[in-house]
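Each of the two complexes below includes subunit A, the first together with subunit B, the second together with subunit C.
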Partner chain A sequence: MSEHPTAALDDVVHQRHRLGILTIADEAGKVEFGYLKSTLGLTAGNLSRHIAVLEEAGLLVVEKGYEGKRPRTWVSITAAGRTALAEEMSALRALLDRHGKRG
Partner chain B sequence: MSEHPTAALDDVVHQRHRLGILTIADEAGKVEFGYLKSTLGLTAGNLSRHIAVLEEAGLLVVEKGYEGKRPRTWVSITAAGRTALAEEMSALRALLDRHGKRG
Partner chain C sequence: MADDPAELLDELAGLRRRARDDRHGYWFPLLLLGVLSLGAIPLTRPDPNPTDHMTQGDPWSFLNPLVHLGPRSQLEVLHPLPLSLYWLAVLVVGVVATVWWYQWRARRVGVETPTRTYVLAAVFGMVAVLFGLPLSLTLFYEYSPVYPTPLVVAIAMALLLVPAVFALRARHRRPLFVPVGLLLLSMSLSLLQVPDVDVDLGMGGMAQFTVMAFGLATLAWLERSVLCAVITAVFTATVLIVNNSAVTLPALGFAQDVLLPATVLVLGGLGALAARRGAA
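Presenting the complex of A and B:
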């Protein structure tokens, strides 16, 4: 496999909206759908699609419930999600270090 | 627009293979197709598609010529390409800083 830092990036994690979802879920542990939607400036449909990709990959779990009478969806990062995010971050750090050193 | 660092990322630049092409072209100024292909571990078809997207966006210029009798293709980053890459890098740096600060 190529040693360039970008070769270590995983499209499931690296896609910018999914990267946003994972970093917020990693910070918050558990985060509500509406908060993600407004913070990332996504449509509900677009956000749902990206959450489904991350859930399918085992990086997030989705919980449905109610806040009073209002249906709510929460998203939590899994251990695999934290690991995948940490790998993405270290590849991005290597890329930034390399970019910083150029002449 | 959302203030989350990932909202400032541009898919044309952020896609991992295109990010690899831009960072190498930024380091080298002008880089040969074969070198990009082997360094990034891409197929010729895949690399050509990503180069076309970057050229279309005005971030790269493509030059065709010969080395001796052998046809060669070179790729150079444009000023717009350097600016776009710098914006990507500062968004990634903000993301890493934020990720580093979480509890």
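Presenting the complex of A and C:
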């Protein structure tokens, strides 16, 4: 019997907001902290914690800088991040297929 | 998190669509290239004494890097050199301004379209037009030991493509090998121009539009935009029709070669801007 699709879900990635961050970062070259905050509807502290987890896992790169006097934080996805996101999406689709077949 | 995988996948697809819509900015390069192209029209005045410019019997005449930029009958316009230099400036300004535009937009919107691949495609197009085509046409028209039949061309293209692929995939000394690979690739593609194959991609003049079409196709792919791809396809078809058409409209002179592709770009840019404002 084949392994259950939930076995392929990664604890670091398998969280709604972290998946959202990775999806947006995968779509763009770089994405700004404020854009992620408003698009995902998160508080700054909550978003920072999710980004820190993903950065620590090597899935995101964070660049901090200034535009004039205004601090700006840019986030970009790494190759490992793209792979993790693709694997998570495959696992979710497999889970959906399995539920569909049983339903 | 959402318990239902279908709901979660839909939510993620929605986020991706939103980020994609937010980063779209292709209306600007379309409009810019269209307007700059229309700016070439005053330089396309025909020469009343075209024989003044003729240089015959020079085996290296094909090696002029600017020979493919300009109207199809370059030697018959009044100011061929300023016109070629203008087109070169249009291509360079087009790339620099497009990169600046996407970076400026990223700072305003917060989400960036990566432009590195676009720059590489544009540089490849320029290397092809300025160096690859002149070099391969010189070798084939002046020094080829055999007549370039379609079979000879196919073999020559393959012989150029193999080292080009190796050079482009080189892991070491890439700053040296990548330009060499691009040069070989463009030389290979330029062989489609020989009389027995006779596919004019703009190598008999007007190659600036082929470079633009290549750059815009790359941009459409980077933007993942169907509308940008459709506009680029219409523009490319227009360029191919103009390049391969024997129809002449005396009232327009050489401007007829510029007018149609430039109009497609301007209308495409304005249409894309209107679609964006309508969606906002």
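In this text, the second predicted complex is superposed on the first by the 100 of 103 C-alpha atoms of A that agree within 3 Å, B and C clash if a C-alpha of one lies under 4 Å from a C-alpha of the other, contacts with A are read in each partner's own complex, and residues count from 1 in each chain.
We adopt the following convention: a residue touches a chain if its C-beta (ideal position, glycine included) is under 8 Å from a C-beta of that chain, and two chains touch if they have at least 3 such contacts.
Just so it is clear, the model here is predicted, and its values are computed rather than measured.
> Superposed on subunit A, are subunit B and subunit C clashing or fitting side by side?
Clash - subunit B and subunit C, as placed by superposing on subunit A, overlap.
> Looking at the overlay, does A:32 come into contact with subunit B only (first), subunit C only (second), both, or neither?
In the superposed model, A:32 contacts subunit C only, not subunit B.
> Looking at A:41 after the superposition, I want to know if it touches subunit B, subunit C, both of them or none. Which is it: first, second, both, neither?
In the superposition, A:41 touches subunit B alone.
> A:16 contacts which: subunit B (first), subunit C (second), both, neither?
A:16 contacts both subunit B and subunit C.
> For A:96, is the partner it touches subunit B (first), subunit C (second), both, or none of the two (neither)?
Both partners, subunit B and subunit C.
> Between subunit B (first) and subunit C (second), which does A:24 come into contact with in this model arrangement: first, second, both, or neither?
After superposing on A, A:24 lies in contact with both subunit B and subunit C.
> Can you pull the subunit A residues that subunit B and subunit C both touch?
Comparing the two interfaces on subunit A, one with subunit B and one with subunit C, the shared residues are 14, 16-17, 19-20, 23-24, 26-27, 39-40, 89, 92-93, 95-96, 99.
> Which bits of subunit B are touching subunit A when the two form their complex?
The touching residues are 1-2, 4-7, 9, 11, 14, 16-17, 19-20, 23-24, 26-27, 38-41, 85, 89, 92-93, 95-96, 98-99, 102.
> Hey, which residues of subunit C end up touching subunit A in the complex?
For this pair, the touching residues of subunit C are 1-2, 5-6, 8-9, 11-12, 15-16, 18-20, 22-23, 106-107, 109-115.
> In the complex formed with subunit C, which residues of subunit A make contact?
My answer: residues 14-17, 19-20, 23-24, 26-32, 34-36, 39-40, 67, 72, 89, 92-93, 95-96, 99.
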